[in-house]
Amino acid sequence: MPVSELLLAPLALALLAGFVVVSYGADRALAARAAGRELTAAGLSPWPDVARLLLQRRRTTTAPDALLWRVGGAGPLVAAALMLAVVPFGDTVIADLPVGIVWFNAMDVLLWAFIWLAGWGAASATALIGGYRYLAQALAYELPLMFALTAPAVAAASLDVREVVAAQGDRWHVVEMPIAFAVFLLCVAAFSLWGPFRAPAGSDLAGGVFAETSGVDRLLLLAGRHALVVAGAAFAVPLFLGGGAGPLLPDWTWQLLKTLAVLLLLVVVRRRLPVLRPERFAEVGWVLLVPLTLLQVLVTSLIVLAEAP
Amino acid sequence: MSAPLLLVLLPAAAGLALVLLGPRLDRSAPALAAAATAATLGVLLGTGRTPEIAYPFLRGLPWRLGTDGLSLVLGVTVCVVTLCVLLVAPSQVADRRGRLASFLLLFLSAVLLTLLSRDLLSLLVGWELMGAASYVLIAHEPGNRRAVDSATTALLTTRALDLGLYAAAGAALAGAATLGFDGLPGLSGWPLHLAALGVLAAALGKAAQLPVSFWLSRAMDGPSPVSALLHSAAMVAMGGYLLLRLAPLLAASGWADDAAAWTGALTAIALGVVALAQSDLKQLLAASTASQLGFVVLAAGVGGTAAGGVHLVAHASVKSLLFLLAGLWLHTVGTKDLDGLRAAAWRAPAVGVLAAVGLLSLAGLPPLALWGSKDAVLAAALEHSPLLYAAGLLAAGLSAAYAGKVLAVVLTRPTGPAPLDVPWTSWAPLVPLAAGAAALSLLALGATGRRFEELLGAPLPLVEPFGLLVSGALAATVLAAMWWRGEQVTAAMPAAARQWLHLESAGHAVAVRPVRALSYALAAFDDRVLDHAVMAAAASTGRLARTLAGADDRLLDHAVEGAAAGTVRTARASGRWDVEGVDGVVTAVAAATRRLGAQARRTQTGQLHQYYGQAAALLAAATLLLLLVR
Amino acid sequence: MSLEALLVVAAALIAIGLYGALSQQSIVMLMMGLELMLNGVIVAAASFWYYVAPSRPDGQVLVLVVISVMTIEMAMGFAVQTAIFRAGDVELTDEATELSG
Amino acid sequence: MTPDDVTAEAVTTVVFVLLALVAVGFGFLVFRVDSMARATFALAVSFVAVGGILLLLDLDYLGVVVVVMMVMEMAIMAVFMIAYMMNPAGLMPMSMYHDKARAMSVAVGTFVVLAGGALLVDWPERQGAPPADVTEQVGLGIMGSHMLVMMGIGAVILTTIVSALVLASARSRYDRLGDDLKTRPARDPIRGGVGP
């Protein structure tokens, strides 16, 4: 591996951290506005919270499975970072996998394990129920997500993210596959416990999978949640929004700007929607979203056939 | 998708969709079907002439489809007629319009397949689908037993003769290992003659030629719009079309072309007489259809492909117009009987004009369509034989006569009945047909005739002005005669002609009854001879047994009783041996088997993991065996 | 890395899986043993593809088939487990003896 | 062989040995740990290691797919495990084995036979080379020469879906929609979603 790419990894992590900070700040700003509080720079900064959690002493339960708990807590952040590894910024990509799209899917599937483990490890009923809720939700969103990812791959005839970007040219995929784009964003929210999909971490469960976490564990889990949204937003750009395509500015800038836009969209939506019960969402996912995304793939295939030379 | 297949699949898909949605779309189905037909027509016109394309179907026997001049012209004709029929049908058929429209589309698809096919295989598919759709369409009215019977008669008659096509296909495979039309004239020996005979039989059957014209009479029990498509432009016309298409095969056989020509001429005359004798408008039109198709068959027999094609197109236009008018009158006046239709033309003048155009064209009056097309056929016949020409002229006079008969009835001066209220929607779609009935003679004559020749790629016979004059004058004379003396002429017709020359009874006598009699005879043979033999054998066995029993009682009993005592002694001895010797062995074997069985059952523990272990051991043993054997 | 080394790994996975399938009382654990055996089959199929006939897709297709078989096995296994648990509160293989002859 | 190649091969070998040890080791741990969650996720780790081995064999797609499928499976398995086990968390140690010794001997025997076969059999030479796009190869394979196989698998999967539901579900459509199947809305234990 060339040295320059090794240097990229810390850069990308820093970028991820920056986006997480942005996401957190935007979220806080919206929360403050909703509560009628005054916006101050200090109120938006995550650092006081970070410092508090870093210094906080870990609480623990009677018989936790500490190993699995730690794995589950740190996992989402790692998965988000690994998702980001296949996102191209201009010509630069940390890991140029020929199967980048499946890789993203694999990382998202790892979340099944991580979030459930975070719920299981605490050895607490509310946390475990949160883990179960996440699995129920995952069963509902996973197939639509897979088909939503299939559509751009079919259009580009490749699983390589960079080729998907190259295949879009002037006409972004979002034009011909709006359903896939919408479902993708929905699923990003779902695997990040975001907005209407926060039932696994719901307040009715006293925080669900977050219930018993404290200190560094909590910090990692909270950061991981934001990082997942960031990774999902960043991945939506090459898949549906033309990647780095844009006038005047260099490619990587456009990638960043578009990511920021999608991220802010997700943050705004977060507080606007009520919580969806996982079992209801399961029916929606299977009865509505799966056929819709399949239809989307069909339409995409027909477009590909029609435009084939 | 390439155009020929699209042409077949477009109406088929639309028809199937309507079949599925039919009941729900009953009201709008005809309009939707008309739209689909218009689209098909558009595709057809856009396609133009295409080279033949082979679609893989069976190994070595592809479907070969293509559009040439003849199929293009007939395809456009069929599409236009279907369109008019679909537009008019809602005003004439009240029930199950969705069903009617969807099956008309399926029928159209089958006809197009027939027209586009260039090999016997795809032709057979189109042909059979056409027959099946026609059955459904004729038996359209719910609960009308007679219509169903008539549909069955029509289907069985044509299907029986369709077997000829299968025979032809078999002969072609045997003789040339191909089913393509282009390979058929190259046959020789018995395959050639069998193929020609089979094609001739199937085509004459479909075209309602002698001696099976009766099915067309029965088919009139279907709705008028159906008749307007099936029995003018499409189904019967396909019989003529097949002969035109395969005229080279007929010519190659050396006899089939003459047979076709004479059958056509005879049908044209005989069914002309039948038409003249009819008092029911639809029956008259049906007979006239068979008669006019006779001209086409005659043309095919004398090699006048172009002339026959022109006549098919002109006749389709005229006859579909007349059938639709008959349906219109049936719907508004309430009868299709000629007596009831007296002065019908005056009661709705627009309809009357259309009817006059159609009937005058049917009569062959210059310069209307059938005048020119018929003369083209007659000219082709004259090149061949003066006798055929004379027969054709006679038939032409007859057609003028029956057309004149109807004309005289509907144009009688009105005496009482009030004007009919006919909405414009129910006659406006007929205008294009009437225009065709008036103008299509252009296809046979003059400069347009030359263009048509180029399109068809076959020469039209040179129509002498003298011939035109003769036939025109004949038509005018006969029309005039019928106007003044129509009643007497009709009355002079033989009674047999009114009954369609008893063709149906003859068909029953020649085909149905013998078959039925044969089956009865076979059943009787089975009952009487075979059964009887079996019963006789049984009875004699019984007698023999009784005789033997008597002998047994008297003679053998003593011997038996003596023997029995000895047997009992022997049995006792062997019984001892049995109990002590054999039984012991058997018991021992049984016990051993039971022990083994119990051992075997021990493996059947119901424990999954033990089954897995056994499976592993078995696999290991199998591997070992494999290694040792190798 | 060589074909033999990969096959030995596959053999080890299959043997461990067999041990689990034979020794576990719980039906779910038994199924984990089966999964492990199929895991070994995946390794073997992939290595045969790579080292024997990489120009043909057979090995890869075999891997796909095995993955499908694993999911099918799991779905049916849990369905049967649910059914017999519901019917007779059975959760150990030793209790599921309907097939005993 | 250039020095770079040697380095690459050494790295590959080291990675392979590590992955193989993880796959086998965690595979064995599955039957050694008390907690069911640990057993399940030990198996998941074993699968992920096998996915890694597939990646080493240039099978990018299949390697990642193995991870996707198996991690999902294991997450679901954990749910069932906890539903049906007496002591899922391993808080009260208890033995859940039978026939341990015999099972071990059968397993060791199997390993000896299989590994012996793997080492002793004279495997055929490698024929051809992997194509440039391995994923494309399998895609063309299942859509072309091996289509029948995948169609069969598809039919079997459909059958599995239906029969698994029939076996596992205690409720039928008659429970939902009444004896005449006309009850609307359906009597679901949990209402909501879409459909009747």
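A, B, C and D label the chains in the order they appear, each numbered from 1.
Keep in mind that, in the parts below, contacts are C-beta pairs under 8 Å (C-beta built on N, C-alpha and C of every residue); 3 or more make two chains touch, one makes a residue touch a chain.
Computed from a predicted model, the values in this text were never measured in an experiment.
Note: the chain lying farthest from chain A is B, by mean C-alpha position.
Set side by side, B-D and C-D show the greater C-beta contact count at C-D. One inter-chain figure worth recording: chain A and chain B are separated by 66 Å, centre to centre, where each centre is the mean of the chain's CA atoms. If you average the CA atoms of chain B and of chain D, the two centres end up 60 Å from each other. In terms of their C-alpha centroids, the spacing between chain C and chain D amounts to 8 Å.
Taking the mean of the C-alpha atoms as each chain's centre, chain A and chain C sit 33 Å apart. Touching two or more other chains at once are residues 65, 76, 98-99, 102-103, 106, 110 of chain D.
In chain C, the positions touching at least two other chains are 18, 22-24, 27, 94. Looking at chain B, one finds that residues 609, 613, 616 touch two or more other chains. Pairwise, the chains that make contact are A-D, B-C, B-D, C-D.
In the complex of the two chains, the chain A residues touching chain D come out as 63, 65, 67-68, 97-99, 102-103, 105-106, 109-110, 112-113, 116-117, 120, 123, 132, 135, 138-139, 142, 159, 277, 279-284, 287-288.
In the complex of the two chains, the chain C residues touching chain B come out as 18, 21-24, 27, 30, 93-94, 96-101.
Only residues 601, 604-609, 612-613, 616 of chain B touch chain C when the two sit together in their complex. Listed in rising order, the residues of chain C touching chain D in the complex are 1, 3-20, 22-29, 31-33, 35-36, 39, 42-43, 46-47, 49-58, 60-61, 63-65, 67-68, 70-72, 74-76, 78-83, 85-86, 91-92, 94.
Chain contact summary for the complex, chain D toward chain B: residues 98-99, 102-103, 106, 109-110, 113, 117.
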